[in-house]
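Encoded as structure tokens, the structure appears first; notes follow it.
Should a chain be cited, it is by its letter among A, B, C and D, assigned in written order, with residues numbered from 1 in that chain.
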Amino acid sequence: MQDILDEIVATIGASDSRGQPANYIPQLACIDPNQFAITVAMADGRVYSAGHSNQLFSIQSISKVFTLTIALGKLGDSVWSKVGREPSGDPFNSIVQLEHEHGKPRNPFINAGAIAIADAILMGHQPKETLAEILQFVRFIADDDSVSIDDKVAQSELATGDRNASLAHFMASFGRLDNPVDCVLGTYFHHCSIAMTTEQLAKAGLFLVDDGRNPVTGARVVSPQRARRINSLMLMCGHYDGSGEFAFRVGLPGKSGVGGGILAIAPGKASIGVWSPGLDDVGNSKLGTEALEKLVEHTGWSIFG
Amino acid sequence: MQDILDEIVATIGASDSRGQPANYIPQLACIDPNQFAITVAMADGRVYSAGHSNQLFSIQSISKVFTLTIALGKLGDSVWSKVGREPSGDPFNSIVQLEHEHGKPRNPFINAGAIAIADAILMGHQPKETLAEILQFVRFIADDDSVSIDDKVAQSELATGDRNASLAHFMASFGRLDNPVDCVLGTYFHHCSIAMTTEQLAKAGLFLVDDGRNPVTGARVVSPQRARRINSLMLMCGHYDGSGEFAFRVGLPGKSGVGGGILAIAPGKASIGVWSPGLDDVGNSKLGTEALEKLVEHTGWSIFG
Amino acid sequence: MQDILDEIVATIGASDSRGQPANYIPQLACIDPNQFAITVAMADGRVYSAGHSNQLFSIQSISKVFTLTIALGKLGDSVWSKVGREPSGDPFNSIVQLEHEHGKPRNPFINAGAIAIADAILMGHQPKETLAEILQFVRFIADDDSVSIDDKVAQSELATGDRNASLAHFMASFGRLDNPVDCVLGTYFHHCSIAMTTEQLAKAGLFLVDDGRNPVTGARVVSPQRARRINSLMLMCGHYDGSGEFAFRVGLPGKSGVGGGILAIAPGKASIGVWSPGLDDVGNSKLGTEALEKLVEHTGWSIFG
Amino acid sequence: MQDILDEIVATIGASDSRGQPANYIPQLACIDPNQFAITVAMADGRVYSAGHSNQLFSIQSISKVFTLTIALGKLGDSVWSKVGREPSGDPFNSIVQLEHEHGKPRNPFINAGAIAIADAILMGHQPKETLAEILQFVRFIADDDSVSIDDKVAQSELATGDRNASLAHFMASFGRLDNPVDCVLGTYFHHCSIAMTTEQLAKAGLFLVDDGRNPVTGARVVSPQRARRINSLMLMCGHYDGSGEFAFRVGLPGKSGVGGGILAIAPGKASIGVWSPGLDDVGNSKLGTEALEKLVEHTGWSIFG
């Protein structure tokens, strides 16, 4: 496995078509696009890394997997009255679908859906408390108490987050938010600003590898059925309108973030964290996807046979 | 396995919420909604059936899996210049996406996409020849020379197929069809009218279970990579705007038809054909989906863990 | 008035930004774009022309004013169960609105709406009979028995009319057409292929100048209220998604055709026919619009004050 | 004229189908729907009223005519780089068009367009100053210094204005607003909360009757061309996706507000203010429209002949 990762790092390092880092969040736009890291956390506890795997990066939308998991824990299936579970066929920040469907987001992984999930887990509390709870959860599943929020990124997003503010107000206008728009957005922007290394990220995904239980710590996080369902949502909706492409090329449930990270799950086998800041046309890590494609070629981990 | 299927038939038989057969194709509207059949064709060659598994039904859109496979064989990756591979987020017969994307269908499994695939495999031949080729292919993969087209259904579709004619002319107006619209539609309507039993259908799917090779006959149909990719497309797009729901509940690549059939693939394990004519709101077999959900619960075949 | 028209012809003749003739109908694409004609038919019977005012051109969508008038005569207000009367905000051949509104066109002047009107006036007859009736009506209102259909243009449209065929089949799929799609399209393509001079066209519009009565022949064509309503529809919807622009710049009810003609009505004052083959971005005559803008500047005929 | 208005009041008073007052702004929802007023301000200075013509009501979107006029005065034609001038074919608060057209509103009378206009006239000033300027302008054109803003309504809108906040943030996300969203919204909500009587409103519209000059005070407000253009925009876009209907039935440039008011202009003849709180399906005053329809029938003021 270490050989595979080293080979991937070598190939990726030589690539001269790295994509562009997200430019609409100032703090992300200035990241060096030449960085790359990959970590494979196996179900048996072994962990392999290559590249800048100790470098913190902004996990952005990958955090939506964690907030969805928390929301399911708190609300159970009534989460699905707030968001759907179909791919949207639209870009991550589209508002067209919202208007056609009366303010209910298609799934929890597009921006509108994740904002609705942030609202769902706030439950009248202050953003600070809810963020503490989210952080605690991520630290628990990653088995690492050092995971933190990068406040500079959060401030950067708050200052430039008009599109997300538009989505939140739009849903509010349909009576779909239970908490004040500002609290919901504050919570959303901050959980998107969690910073992790690929190693932390890969470990945090382990509960989705082993039927809802972290195979290393033995901690039960969700039921086996819920773990499968979260994986199915990652596959169907985890890469916005590039989800079909990711399933076609990589063949693993995965969730991307505009910080350039991807969390991918090979059920029964491993959780993978990968990071390369340059994005493709639909906002997913360009080289991160290529790295995962190579990894699956070498390992045969595709869930499709 | 036989016990599981018998139990499923018993449970399904007792259901009083069976959905409605498709009503826009006259020959399908008059099917008895109380019929039900399921067949599991295992990778090791064993075949289990329950219910009306010798009853022929119209496979309709399930045939799109077969025509896509043929098109990939003939054109290779240039198929993807004709259709995309993303879920559409729209109903099966929507034309909105086509206008926004200049006549290129989102994927090969929505109607527009399958019409484009029919055009791709015609290659200037007469529909009759192409249909003979399609039938020959289906007989080959199902290892059953009796598979045929139900001409009454095809005529019924031709007579009422204004929506599909609209889609075809729309694509033609963007210069996206190489053959005359009438030939393309004739080919499309006829291959949708192939009649099969669940047993034939399950056997026809076996090549997608075992890396592109029929594990029983040993015949190589497609490469392992192509088999995985077809499976990924079935998962992402096989149930129209109910694809997310099917992945969430069943967790297997599958393709439905408005005749009430579903073909589902458990990679490495089995190919499943199921049939119940009543449809849910988005046009997929209601009890067929429930039966698959139960089957996966019992067998643990979900690809998501 | 003659001086004004002569000055317009001089100015327009010197323009080097003439737009492009419609290229999707082969017979129109080969028209010399340097031709220009304008005719003003006054309410008092005087007629002024300048430019190539004896040159026949294809009136195309201008014919929709005449077929709407016929449909209103035959069906009265029940026409409005078949088409709406709101501007569409979309291009002339858009199908998106049709899907969102169940196959009912927004207004009688977009292509889908005019196809629905062609269906409405067919009433089970053969296209030939209906076309004879349409021609007879146009000859009557223009007081000129020489008006004819250009069969070459009609054939040219039939051969390349996939977009319109798509619209017709789409409406048929919602049960909105009473006659066979082929008959409806044949009627539509042929009435769009009526050839007229600007002089004939201006005269044909006179009934809309004088409360529904041709002020020269004295023939009553429609009631005063109906004349006003047809004028309002021309203003609101007569130039597709350039209708607002035409109202803003010209300020007269008008209907354009992709052949480069425009019929404009100055209520109580005059009917104007203008022709220049080059089109602007949304498919309306570029120099024709400029000529009308100049005419209204000189005459103060704007209906807006 | 007084007889006509009295008859209208009598007929309207007897109507038992009055529509529903706007319910999304709490302060408007509690208005007595049985109130009705109409005022005709003639170009010669005579003023006729009937009904509750001294009752103040919230002019809401009618204020958009005034802010557009101010914006044209300040920015001239560069206003059209900020908003278009085509009917949108969508409801007043739709965001779909904005996404398809990169945040540029179709016209200045839909909500998004009026918000863009509010931004345009702020020019870095405080909302307070800009609102003072707007009020001063309305008082000037109405020749009445008592016109004021109803702060309760403005507060009510601010508290429930999520849809408009969504539109504003959406445009901001495309870089289309030059001032802070909060300032823009504050300005917008307050100018929509101007309270007027039908008499004040009718007088305020007089400059659009007489080529941009108030025929009573003699004050020049805009050029003749600009007055015509504002009238054309009112006709094309003044009643949202009911603009075609209003042109068809009434035949005058008009602008409605969800407070139940309508300002209509009969060029060269009169300015009309009408008010009835109950709205039709698309948000325009139901009985107000009927009253104008009757008035035009009696006076022959339609601009369409």
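Following the convention adopted for this analysis, a contact is a pair of C-beta atoms (placed from the backbone, for glycine too) under 8 Å apart; a residue touches a chain by one contact, two chains touch by 3 or more.
No experiment lies behind these values; they were computed from the predicted model shown.
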Neighbouring chains shared between chain A and chain D, ordered by label: none
Reference chain B; chain at largest CA-centroid distance: D
Interchain centroid distance [CA atoms averaged], chain B/chain D, Å: 55
Between chain C and chain B, distance of the C-alpha-averaged centres to the nearest whole Å: 47
Separation of chain C from chain D, taking each centre as the mean of its C-alpha atoms, in whole Å: 32
Touching two or more other chains - residue numbers and ranges from chain C: none
Category of the chain touch graph - line, ring, star, complete, other: ring
Pairs of chains, among all present, that meet the touch criterion: A-B, A-D, B-C, C-D
For the chain D and chain A complex, residues of the former touching the latter: 94-96, 98-100, 162-163, 165-170, 172-173, 181
For the chain C and chain D complex, residues of the former touching the latter: 84-90, 97, 106-107, 208-211, 224, 227-229, 231-233, 235-237, 241-245, 247-248, 251, 253, 265, 267-268, 302-305
